[in-house]
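Labels run A, B, C and D following the written order; every chain starts at residue 1.
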Amino acid sequence: MRVEIFGESHGPAIGVVIDGVPSGISISAQDFDSDLQRRAGGKKGGTPRVEKETLEFLSGIFNGLTTGAPLAVIVRNLNTRPGDYDNLRLTPRPGHADFVSSVKQKGFADPRGGGHHSGRVTLALVIAGVIAKKILCINKTTSAIQIKSKILSIGGENPWDKKLEKALEKGDSLGGIIECTVNKLPIGIGEPFFDSLESVISHIVFAIPGIRGIEFGDGFKAAQMWGSQHNDPIVSKAGNTSKNGSGGINGGISNGNPLLFRIAVKPTSSITLPQNTVNIKTGTLEQLIIEGRHDTCFALRVPVVLEAATAIALVNLID
Amino acid sequence: MRVEIFGESHGPAIGVVIDGVPSGISISAQDFDSDLQRRAGGKKGGTPRVEKETLEFLSGIFNGLTTGAPLAVIVRNLNTRPGDYDNLRLTPRPGHADFVSSVKQKGFADPRGGGHHSGRVTLALVIAGVIAKKILCINKTTSAIQIKSKILSIGGENPWDKKLEKALEKGDSLGGIIECTVNKLPIGIGEPFFDSLESVISHIVFAIPGIRGIEFGDGFKAAQMWGSQHNDPIVSKAGNTSKNGSGGINGGISNGNPLLFRIAVKPTSSITLPQNTVNIKTGTLEQLIIEGRHDTCFALRVPVVLEAATAIALVNLID
Amino acid sequence: MRVEIFGESHGPAIGVVIDGVPSGISISAQDFDSDLQRRAGGKKGGTPRVEKETLEFLSGIFNGLTTGAPLAVIVRNLNTRPGDYDNLRLTPRPGHADFVSSVKQKGFADPRGGGHHSGRVTLALVIAGVIAKKILCINKTTSAIQIKSKILSIGGENPWDKKLEKALEKGDSLGGIIECTVNKLPIGIGEPFFDSLESVISHIVFAIPGIRGIEFGDGFKAAQMWGSQHNDPIVSKAGNTSKNGSGGINGGISNGNPLLFRIAVKPTSSITLPQNTVNIKTGTLEQLIIEGRHDTCFALRVPVVLEAATAIALVNLID
Amino acid sequence: MRVEIFGESHGPAIGVVIDGVPSGISISAQDFDSDLQRRAGGKKGGTPRVEKETLEFLSGIFNGLTTGAPLAVIVRNLNTRPGDYDNLRLTPRPGHADFVSSVKQKGFADPRGGGHHSGRVTLALVIAGVIAKKILCINKTTSAIQIKSKILSIGGENPWDKKLEKALEKGDSLGGIIECTVNKLPIGIGEPFFDSLESVISHIVFAIPGIRGIEFGDGFKAAQMWGSQHNDPIVSKAGNTSKNGSGGINGGISNGNPLLFRIAVKPTSSITLPQNTVNIKTGTLEQLIIEGRHDTCFALRVPVVLEAATAIALVNLID
């Protein structure tokens, strides 16, 4: 499964081409509704940019079933307001890719809403994730796999409603911790060294914008533990362990226990509070006020994207 | 730069083949001394398995200079004691890859000292790292790059000498936190999404056995911060920021500030204390006593491996 | 430059996503006119299926210039007549992919006009080729490169007009020989063994449907020559040779003389004459009459596709 | 199956690392004898350089069975005479890679016997081919596959003994045509477009030094045929065709009939006759007399290398 994503926040469309999809998988627009809904904005803490996301299937499907040929899907951008970004060309927003993409692309990057760097492009990841989950489902050895992400905390809080209210009030933003669990992953997925399960998972997870860290099992806490505490005693011939400090992985390979990892999502870079930045032409320091529509806490929308990324990684590993 | 590593803990040799090395780079055995020494055992907390590591250059070098053809280097294993592992075939060691590699390889994995999963194979990574650093050095835009790793803590302690003594006494093991800083990385390294700088770095870092987590800049702490705290104000036309919460990366692309990340190294899985495991033939629970030579805290030896991995990742990104 | 193509003969659209395009390249619809025109049908010997091919740029372009983000382009299929293929589901057309794609895709392949196997998908290759030629043009070391393909013979004839008339009359089809020359290719392109210049060129050339062979320089004739005849004497410090039997390549690497190769294009598989095939359900032999619109000699349309494929290969090699 | 080859004609060793070998395959030195013998020199028309080729298995094997870890094999070069090449540094041999590798590697390429470009490196391909054939054998769907290469002609002659005598007498060299047939290849191997069966086969075949062309089925002759002559009528539900003009491939995918292709091998570039070349320092034309040991017709030794290359390609396609 090879996934190619494209599109910009305020360009004509977001899209994805997926090569290597097995034939005979039933695909309909409704299959995507639930995941698109989970990713969509419009909820408390999410961006006020809301638009109907209509999938157009351009290839790879015949009579509602995949044909085995590359599958192309696009979603037109409808609710664009490129004008919102006119003042940003010279004053890059802290935390965003404005400055680096301008330098890397020699001034030719699309500046509107972060261009290709926009979180809106995760729409393509979610679409690919739905396909990936369907691929896992039709395969006998992987059909039992369950991928579930949940928010552990937002802004350091377990019940985060008040903190979110406060952020909205202040015009500030929040991040959070998301945990992903994969149940029923077969033993033996992953390779020693360069294609370890952690390598492949983390590679694609860091494709999601705004991730600051990933940890497996006991994670960073493991570095403070005794080996006798961290090691997972093996308690059955099937490899079950009595605890899961390793996050279901030994030597880069799944051990049959739940795959478990957590990611740290940074607070949204766009905030309403004034920020310091520089005018890249004159070099003078300026105070920046960000207009446009943005999430107060995009971590709230990350769980479905994380599941999608995980599903894509697993399809590639299991294939 | 394509790196292929091979070898087993108690097999004939550890080796590496590196394709894509530019021609004209001077290579001598001494170039590797310092890094091999840093990786070697024999120090407090390290494995008592010590052996002279003599490099044999099999190809890719002519008159002491690289030719541009694939470079192959091997190191013979001299100090092998495969007999130490005879009792492990049926009772997999907790935390090790014994169980998963046995299942994955249908019983044909080399069981001696973890076989190909041995930390000894990181010798090949270190050799490749020396070459990678030389490649960075000869390139005008990358010659100023400095990669430095240091231990932040062992077993949760900043000064860790006593904790290490205690571990040796108990027959237990420890992990640690290592920080890596890359100075003078040019702006623009990395791509949005699938080949983000974090993706490529974490992919190769998780190729090092025993890593439980990686975080960039503020890392997991970012998830508890306000956006106004975490964002790095830009203070110069060159993109300098007044703080480095992003770890030198925006939108998957280096921003010219130091690349900064930390990894969590788990405590060594092999401990002298008895552990619970299962006999995979009979299914009965057994108490396991691990013989053989092993590190009390292999995190102490990780910094040079982490620098090597980082250098390899950067060569591939910059290329 | 990574090229992903998609689409089916009678599906909604043909498209291409190109990743790795440098920023700042000017792109307009007119840039593609000449090459699309060369590929288009409607001329003598070409398919009577003719339709306006309107490019829609979905991403990667801002203000008429490439941004460095993935470039997606689609062309809607307008002149589809899927009904033409209703009788083909059970009786695969000789020479076409009907049978193999049906088996490979377990009956789910799109049967309309060959589905994804249609020559119509070469439209995507031609679009990518225009981009590839632009990339070569902006690079100082490759801007002088000239890629030119020409027809050497059709149906074995040097002047082939009469043969073509005869084919049209009979309802039969013809193939041909196309020669491609690349001038001003720098010395040193290609690698020994697996990524030899011949390997990379032939790999992509055989992506064009209906190619039966490729030969470089003296080609198959070389096998009958003496070494003293075939070897190219070197006559200048710059590597010029007094003849070009090697086609501009030594040891898989360009030698600074023109890169020269020829391909054999098979006669169009679709002919109006009745053909023998089998009913894949009943196993009975049947006579097949192919309806639909098709080329009498698609070799006539191949030169521009061959140039596109060559340009894509060179961008990848030179990059 | 990832194959990395290394070594130079007069360096310490030739070797190969193969990643992705399934575990449990029995490997002994004798398994390689027959293929190494077929590749070896010392026969009429072959190089007089003969040496015992002793395989050293460095990794990936335990108790005579593959472990699933990377398999490394080396063969020491014993019979080296680097002195033979002292006069070649300034006067590149026509037809060889001397000039291009010198330019590409900025003067640092190993000049002794062609360095890494030497035909001796095909030893590594043959070793990998033996492993590839074993991999095909253990897989139920591919165990019946038979790969056979044979010489069709040498120097244009069907019985070529006299022509070879003449070449030896004159100090000249010869090439030839080799045909490869793969029987019992399952239907469905290969992909449309970029990974067509022809693309993958030709890619690796052109990794063999000295190949000038490849053609499938009717090959170049197809370009002169009518479609009604070239098309293969389908005569059974299993896809059997009454002739095999397509070489067993439709639309880039195997059709269940024998895969059939031919390659053109150029005459050996090294000849005893004087040749014209240039002194790359002074630019003056010089007459070159090549010393050293070389084949009169290395095409005679190519069949086993072609089978190896084909086996490697098929493992990668079928995997």
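Note that a residue touches a chain if its C-beta (ideal position, glycine included) is under 8 Å from a C-beta of that chain, and two chains touch if they have at least 3 such contacts.
Just so you know, these numbers come straight off a predicted model, no measurement behind them.
> Taking each chain's centre as the mean of its CA atoms, which one is farthest from the centre of subunit B?
In terms of C-alpha centroids, the chain at the greatest distance from subunit B is C.
> Compute the distance, rounded to whole Å, between the mean C-alpha positions of subunit A and subunit B.
26
> Centroid from C-alpha atoms only, then distance subunit B to subunit D, rounded to Å. What do you get?
37
> Could you say which residues in subunit D touch two or more other chains, in rising order?
In subunit D, the residues touching two or more other chains are 5, 69, 101, 104, 116, 192.
> Can you list every touching chain pair?
Touching chain pairs, listed by label, are A-B, A-C, B-D, C-D.
> In the complex formed with subunit A, which residues of subunit C make contact?
Interface residues on subunit C, with respect to subunit A: 2, 4-8, 11-15, 17, 19, 23-24, 56-60, 62, 65-72, 74, 101, 104-112, 115-116.
> How about subunit B: which of its residues touch subunit A in the complex?
Interface residues on the subunit B side: 3, 5, 92, 94-97, 99-101, 103-104, 114, 116-117, 121, 153, 155-156, 167, 170, 172-177, 187-188, 192-194, 196, 198-200, 202-204, 206-207, 209, 211-237, 239, 241-242, 246-247, 250-255, 264-271, 273, 275-278, 280, 283, 285, 299.
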